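Here subunit A shows up in two complexes: once beside subunit B, once beside subunit C.
Coming up: the complex of A and B.
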C-alpha cells in the first residue's frame, strides 16, 4: 500500500512501432534540462527490450536518472488490459516507485504496443499521449479509435517519411482536427527531435502546471 | 430459501475482471512452454493439480484459512504473523513479488467500496508502515471476511482463481484451445474441493509446500530475457 503523495503520471500509448519508446527518449532530456526528475515504467508484450534500451540510453549513458528508475513490466499478453481494465500490476509498480523515489516530479508509463483502441485507466494515468506514425498511411487519424479520439495529446511521428510513402500531412492535420475538436496534436520526427519540445511543453503546462521542479524548489 | 448476497461477493471476487493482475502470471508455465517441450492436455491438468495439492493448497489455502479466522476475531497481530509466514515460504522472488503486488491491489480495490472494516484498514496501515507485506491469500481472506463470504468459499475463490489464471496463461500461449481450458477446470474440481477439505482448517504451524521441480521452473522463468508474463 502506498504511504506517499501521488506523483503526476503520463501514459504513452500507441501501435507497435509507432515510436512510444523513442518519444520518451527525446522528451526526458528536455524535462531533465528544466530540472524535472522523471521515472519510467515500460510495459512490453514479450520482452523487456524497450525498458533495457531506455535504461541504457537515459540512465547509463546520459546519466539523467538512476538505473532503477526505468522499470520493465510484462503484461501477460494483454497490453491494453494492463493499463486499463486491470492496471493492478502497473499501479503496484508506480506506487513502489513513488514510495522509493518521492522526489520525482513525473512518472511516464509506456503501454505495450497495441491497436487504436488503447486508453489508460484514469486510476493509472492523469494524462494520456497517443502516438501514431505517418508510415501507416494518412488515413490513420480519420480511422478514429478510442486512443486517437480521447487522448489528451495526439502525436504523429515519422513525418520525414511522408513523401516516401505518399502520405499527405495536411490530410492528417485536417482529420486530426475533425476527430479531436479542440484537442491538441503535434507532428514530430523523434529521430531528429523535431517537435519533441512541443510535446514536452504540453506536459510541463498541462500536467506539471509549470511548477518549479521539486529538487529546485527545495534549494 | 432466500438468496445469499455473499454468494454474489464470491462471484465478484473470483471473476477474472476483478482487478488483481492475475492475468499477468503464468506461474512458470511460460518457461515450460519455451523449453520447447510439447505438453499434452493431461499434463497441463496434472501440473495445475500439483500446484493445488502441493503448493497453493497446503501453503496459500492454509494461510487464507488462518488469516480468515484471525480477521474474524479482529486479531491483527495474528493476521500479520500469517502474512509474514506465507511471504517467507514463497521461495521464488518473482512469485513472492507477484503475490504481494496482487494482494495489495486487491485490498485497495476492496477498500474502495468497503471503507469501514477495521481489520482491513488496520492491515492496510500495517502494509503502509512496512510491518506487513500484503500477501495475496491474506488480502483475499480479509476481503472475503469483510464481504461475509464463508471461509470455505473464500478457499474455493482462491483455488479457482489460481487454476483459471493458469488455464488463461496456457490459452494465451496457444497451448490449447478454449474448450480444453474449460475441460481442465472441470476436471480439476475434485482436486480443488479436496484441497479445501484438507488444508483450509490447518493451523499455521501445519502450513507446508513441496514441489522443488516447480520452484526450479519458476526460477528459470526469472532468468528468461524475453517474456510475456511476470511469473
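Coming up: the complex of A and C.
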C-alpha cells in the first residue's frame, strides 16, 4: 500500500477537438489565483502534443506550475480504455505525482473519447467532466451515451460558433436537462474564457470542498 | 459542511446498526448516489434533509445500499443507491438434459456484452440503459427463449461482488 496521501482527481473527457486541453488551460489559472496547486496528466494515443502545449503555456510561459507537473501519457490505443477498463498506467502516474508533490490540491486527468464509451474508472477519478462542442450539431446531448449521461458536469464549448452552423443552444439546453436530470451543465467559449469560472466553481465546490489550499511547497 | 471519513456499518446487513436505525428513525437522513458513485471515495452530497456532507473514504472503499457514513447522538446518515433499469431473466423451464447447456449459453450471451450480474433465486439480473434492450436480448437468446422469461424492471442493483465488470 502506498503511504502518501490521496490528492483529489478530476477526469476531463471528450471527443477529439472538443476543447479538453483549452478548457484545462482556462480553468487552471482561475484555480491558481485562488491558491490551488494543480498537476495535469494528459492521455494521447501516440503523441504528447497536448501535454507539451499545456506545459509550454501553463508552466513555461505563465509560471503557474513546475514543468514536471504536466505529464503526457502515450497510451498506444484508444485513450478511453486507459482511463476506464484498465487505468493502471494512469494510476501509476497519479501515485508518482502524489508521492513527489504531496502539496498538490488537485490532479486533472485529460483523455479523449467519444460520447458512447467514455467514462472514468471510479478508482481513477473522483469527478468527471465531459466536454462536447456545438459544431457537431445541436442533437449531440440527446444522443446520450456514457460520457454525456454519467458525467458529473457536462460542458458545451464553442458556443460562439452556434449561429454559423445553425445549432440551437436552447435545444441543447433542453436535451441536457432531459438526459441528465438534476445534473449540471455549463455553456462555455474557451477561446474567450466565457463560462470557465462556472466550471472552476463546480470543481472548487464539489471536489475541493472549498477548503483552504495546502501550504506552498518548500523548494 | 460535515465530513464523513468511513463506513460505519449497514442497516440491512448488521443487526446492531439495524437496531440503532429503528431507534433513531426520526434522526435519520439519506444521501442518494448512483452505482458509479458507490465506488468513489471522494464526493460532496446534500442529504434529503439538506445536510451538506463531504465524503472522504479510505482508498478502495465501496459503498453499499444502507451503509451508515455518519453517526452521532442526533444524526444518522445513510447511503441510498438510486434504483436503475435492469433486465430480469428467469429460467422457467429446464429439463435435466438442458441443465448445463441452457445456463451456460445464457451466461455466455450476457458475458459477451460485459454486464455485471446479480443472481437471485432462479433469476439473473443485469443493468440496461433502455427498455428496448429487452427485445435485443430476446433476439440474442433465440431458441433459449423456450426456457426463459425476460422482462424489464427498475430496482437498486448491486452486482454479485465477484461478477462486477466494466460496462459498455
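Throughout what follows, the second predicted complex is superposed on the first by the 210 of 219 C-alpha atoms of A that agree within 3 Å, B and C clash if a C-alpha of one lies under 4 Å from a C-alpha of the other, contacts with A are read in each partner's own complex, and residues count from 1 in each chain.
Everything that follows uses one rule, which is that contacts are C-beta pairs under 8 Å (C-beta built on N, C-alpha and C of every residue); 3 or more make two chains touch, one makes a residue touch a chain.
Quick caveat, the model's predicted, so the values are computed rather than measured.
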Q. Looking at the overlay, what does A:48 touch: subunit B (first), subunit C (second), both, or neither?
A. first
Q. Subunit A residues in contact: does subunit B have more, or subunit C?
A. B
Q: Kindly classify A:82 by the partners it touches after superposition: subunit B alone (first), subunit C alone (second), both, or neither?
A: first
Q) Is A:194 contacted by the first partner subunit B, the second partner subunit C, both or neither? A) neither
Q: Identify the partner contact of A:207: answer first if only subunit B is touched, second if only subunit C is, both if each is, neither if none is.
A: second
Q | Which superposed partner A:117 touches (first subunit B, second subunit C, both, neither) | A | second
Q: Have a look at where A:150 lands relative to subunit B and subunit C in the superposition and call it first, second, both or neither.
A: second
Q: Based on the superposed arrangement, let me know which partner A:135 touches: subunit B (first), subunit C (second), both, or neither?
A: neither
Q) Taking the two structures together, which residues of subunit A meet both subunit B and subunit C? A) 85
Q: Could you pull out which subunit A residues touch subunit B in their complex?
A: 1-3, 45-49, 73-78, 81-82, 85-89, 91-93, 95
Q) Once bound in the complex, which stretches of subunit A touch subunit C? A) 6, 8, 84-85, 117, 119, 121-123, 126-127, 144, 150, 205-207, 209-210
Q: Using the touch definition up top, name the residues of subunit C that touch subunit A in the complex.
A: 1, 34, 36-37, 39-44, 54, 59-60, 129, 166, 168
Q: Within their complex, state which residues of subunit B touch subunit A.
A: 17, 19-21, 23-26, 101-102, 104-109, 124-125, 127-129, 134, 169, 172-173, 225-230
